[in-house]
Structures are given as structure tokens and as C-alpha cells.
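Going in written order, the chains are labelled A, B, C, D, E and F, and every chain counts its residues from 1.
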Amino acid sequence: MPIVHIQMIEGRSVEQKRQLAEAITRALVDIAKTAPEAVNIVIDDYPRTNWAKAGKLMSEQ
Amino acid sequence: MPIVHIQMIEGRSVEQKRQLAEAITRALVDIAKTAPEAVNIVIDDYPRTNWAKAGKLMSEQ
Amino acid sequence: MPIVHIQMIEGRSVEQKRQLAEAITRALVDIAKTAPEAVNIVIDDYPRTNWAKAGKLMSEQ
Amino acid sequence: MPIVHIQMIEGRSVEQKRQLAEAITRALVDIAKTAPEAVNIVIDDYPRTNWAKAGKLMSEQ
Amino acid sequence: MPIVHIQMIEGRSVEQKRQLAEAITRALVDIAKTAPEAVNIVIDDYPRTNWAKAGKLMSEQ
Amino acid sequence: MPIVHIQMIEGRSVEQKRQLAEAITRALVDIAKTAPEAVNIVIDDYPRTNWAKAGKLMSEQ
């Protein structure tokens, strides 16, 4: 049942998302003892104009 | 005041979103006794490369 | 696959949550043509000190 | 450490996002006594077809 | 219409939340030109065992 | 910068959360090439009355 929501700056490839989904699902199965088919992972890619750190947009850093 | 956040795979039409908004708002009004104008619903459409189930991206299933 | 995240002020009963889950899942099945077992709904109940509208906490309104 | 997630209708300019990031980070630093570099703000812009209020999509209001 | 979701480590007082709600709403009204009554802010307080940074729970740092 | 938000049924121990934080951060560092100190993970534990699958609360399944 776990739901994992990942928010990151855009630019990761589909291959990187594929590997992340596999590794994070395996961690939940091994550690949290959930069934693999119960794990949903959703990924939000943000443009640098939509993420700020320390009060500044990433597009300005 | 309720906020409803729906995450789903992209591809639903505006007409389907219109009907979902109407049906879910009605459920909140009837069951949770909220005023209709207090209900906000936001919908996130995800490409199949950004959603994984059972450790595999939806684009690979 | 749809994930529905409901945020509301605390105080709804388990029976109300049961009816909301049923009604919202039915709406997604009927309108968005998803399988019922693919629908996850999570509910966050907030104390009135943790929700603000129009710049004022609900506990002060 | 605070994470601030802002959901709004699309259409705000980068300059408005820049000012929001600055003002909200300052509020967290001044009021919640967090370090500025610990504040992450992410902004989701929604099309009017993906936001409903009072049971109607914003695109129909 | 903006929805602001704040996630932070528990321990802030109601007075701090009151001031945050006021300051963040004012920023949205002044900068994003929204009506104050359209702004919803929800705050999630997390125990230190439920937040990790750099791979370590905050309760261990 | 990645933010990972995990929603699961309550009952996992602090030790399980510690291991999840470590494994998921390592996956993000190795695969998404992020710095470890840029990774924030927040965990929401839900009672079975606040999670529904297939239209039924987990407390009834």
C-alpha cells in the first residue's frame, strides 16, 4: 500500500526513473515488508523556475 | 474546506474531469456535510514514465 | 492506479470515511474507467490549529 | 527543513514566483526560526481544467 | 484558490502558526493577486522519527 | 533537492524508518546523482481508518 511521491528538478532520464522505481520498491519490500504490487511511486519533475531553496529560485542559483 | 488531490495517469478528457469534480464534490457535501463552495479539487495527470507500480514504470507494463 | 488524497478538518466519523471511500471509488470507476482495486484513498484529518483560511487559523474563526 | 508546497492556477510569472519564494522563506525564518537554506519551496501550476471549486472546473467558471 | 501545504518538524506553537498563516496569505495576496479568502494553508507537523535528511532520521542527528 | 514523501499504514518501527531513509537516500544519490544532504524524506503513518483500497477502509478488510 505504500505510496511514494518523489519531487525533483526535471532532467532525469526515463532510465534513471526506471532504476529509482526498482530500487525504492525493493527497499519497501525488504524493509517495510510490503508486497511489491502494493507499491505505487509517482514522480513530479519541476522546472527550475518552480523550486526555491534558501529563498531563491533554482533558476537563479 | 476539504481539499481533494487526485493523481492519475494522463489521458482523461476534460469531460471526465468535469464529471469527477461534480461527483466527488457531491459526495463531500452529502457525506461530510461541507458547503460545496468550500471544496477544492486539484488533478495531477502523470505520464506513464512518471508512475511505477510493483517496481516497474507504467510505460514498461 | 488513481491516488486520492483528502485533507479535511478532523471530526468526521469512521462511518463517514467509509461512505466517502465508497462513493469516491465508485465515481472513479464509473467516470475514469479504472478498476476498483487500483484506487487508493488516503485521508488526512487536521486539527483547527493547523488549517488557515483567509489568513486566519480555523481555531480562531 | 520546512517544505512548502504551493498549488495555484497557472499564469504567474517567474518574477512573481521569485518574490513569493523570497517572502515565504523570510516568514519561515522570522517566525518559525528556521535557517533559510533549510527551506524548500515547490510550486505546482495547474491548468484551469485541472482545478475545481464548488464542483465546477475553473475552466467553466 | 492557492493551496499552501507546509511540512515541518513538530514543536511550533499555535501563535507561530497564526503568524505564518497571516504572513504567507499576505504574500499571496500582494504578489500573486489572489483574494485572501481563496487562500487555504494546511500545516503538517512531523515527529523527528518521521523526517530524514542526508539519509538519517532527524531523531538521530 | 529531491523530496520524498512516503505514505503508509502505521505500525513500522523507528528502526524500519531508519533503514528506509538510508536505502532510499542511497538510491537517489547513486541513480539520480544528487548530494545526500539535499535529500529530504518525510513519512506519514496512517491509521487503517484513514486509508481505503478498492472502496473499503483498510480497517474493514
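Note that in this section contacts are C-beta pairs under 8 Å (C-beta built on N, C-alpha and C of every residue); 3 or more make two chains touch, one makes a residue touch a chain.
Because the structure is predicted, anything quoted here is derived from the model rather than measured.
Chemist: Any chance you could name the chains that touch subunit C and subunit E both?
Modeler: B, F
Chemist: Between the options B-E, C-F or D-E, which interface matches C-E on more than half of its contact pairs by residue number?
Modeler: The pair repeating the interface of C-E is C-F.
Chemist: Mind checking the centre-to-centre distance between subunit B and subunit D? Centres are C-alpha means, answer in whole Å.
Modeler: So the centre of subunit B lies 20 Å away from the centre of subunit D.
Chemist: Averaging only over C-alpha atoms, locate the centres of subunit A and subunit C and give their separation in whole Å.
Modeler: Here subunit A and subunit C have centroids separated by 23 Å.
Chemist: Multi-chain contacts only, two chains or more: what residues does subunit A have there?
Modeler: 1, 3, 7, 40, 42, 44, 51, 53
Chemist: Every pair of chains that touch: which are they?
Modeler: A-B, A-C, A-D, A-F, B-C, B-D, B-E, C-E, C-F, D-E, D-F, E-F
Chemist: Enumerate the contact residues on subunit C facing subunit A in the complex.
Modeler: Per the stated touch rule, the residues are 1, 3, 40, 42.
Chemist: Across the complex, what residues on subunit D touch subunit A?
Modeler: 14, 17-18, 21-22, 25-26, 36-37, 39-45
Chemist: Residues of subunit B touching subunit C in their complex?
Modeler: Residues 1-9, 12, 16, 19-20, 23-24, 27-28, 30-32, 34, 51, 53, 58 of subunit B touch subunit C in their complex.
Chemist: In their complex, what parts of subunit D are in touch with subunit B?
Modeler: 7, 44, 46, 49-57, 59-60
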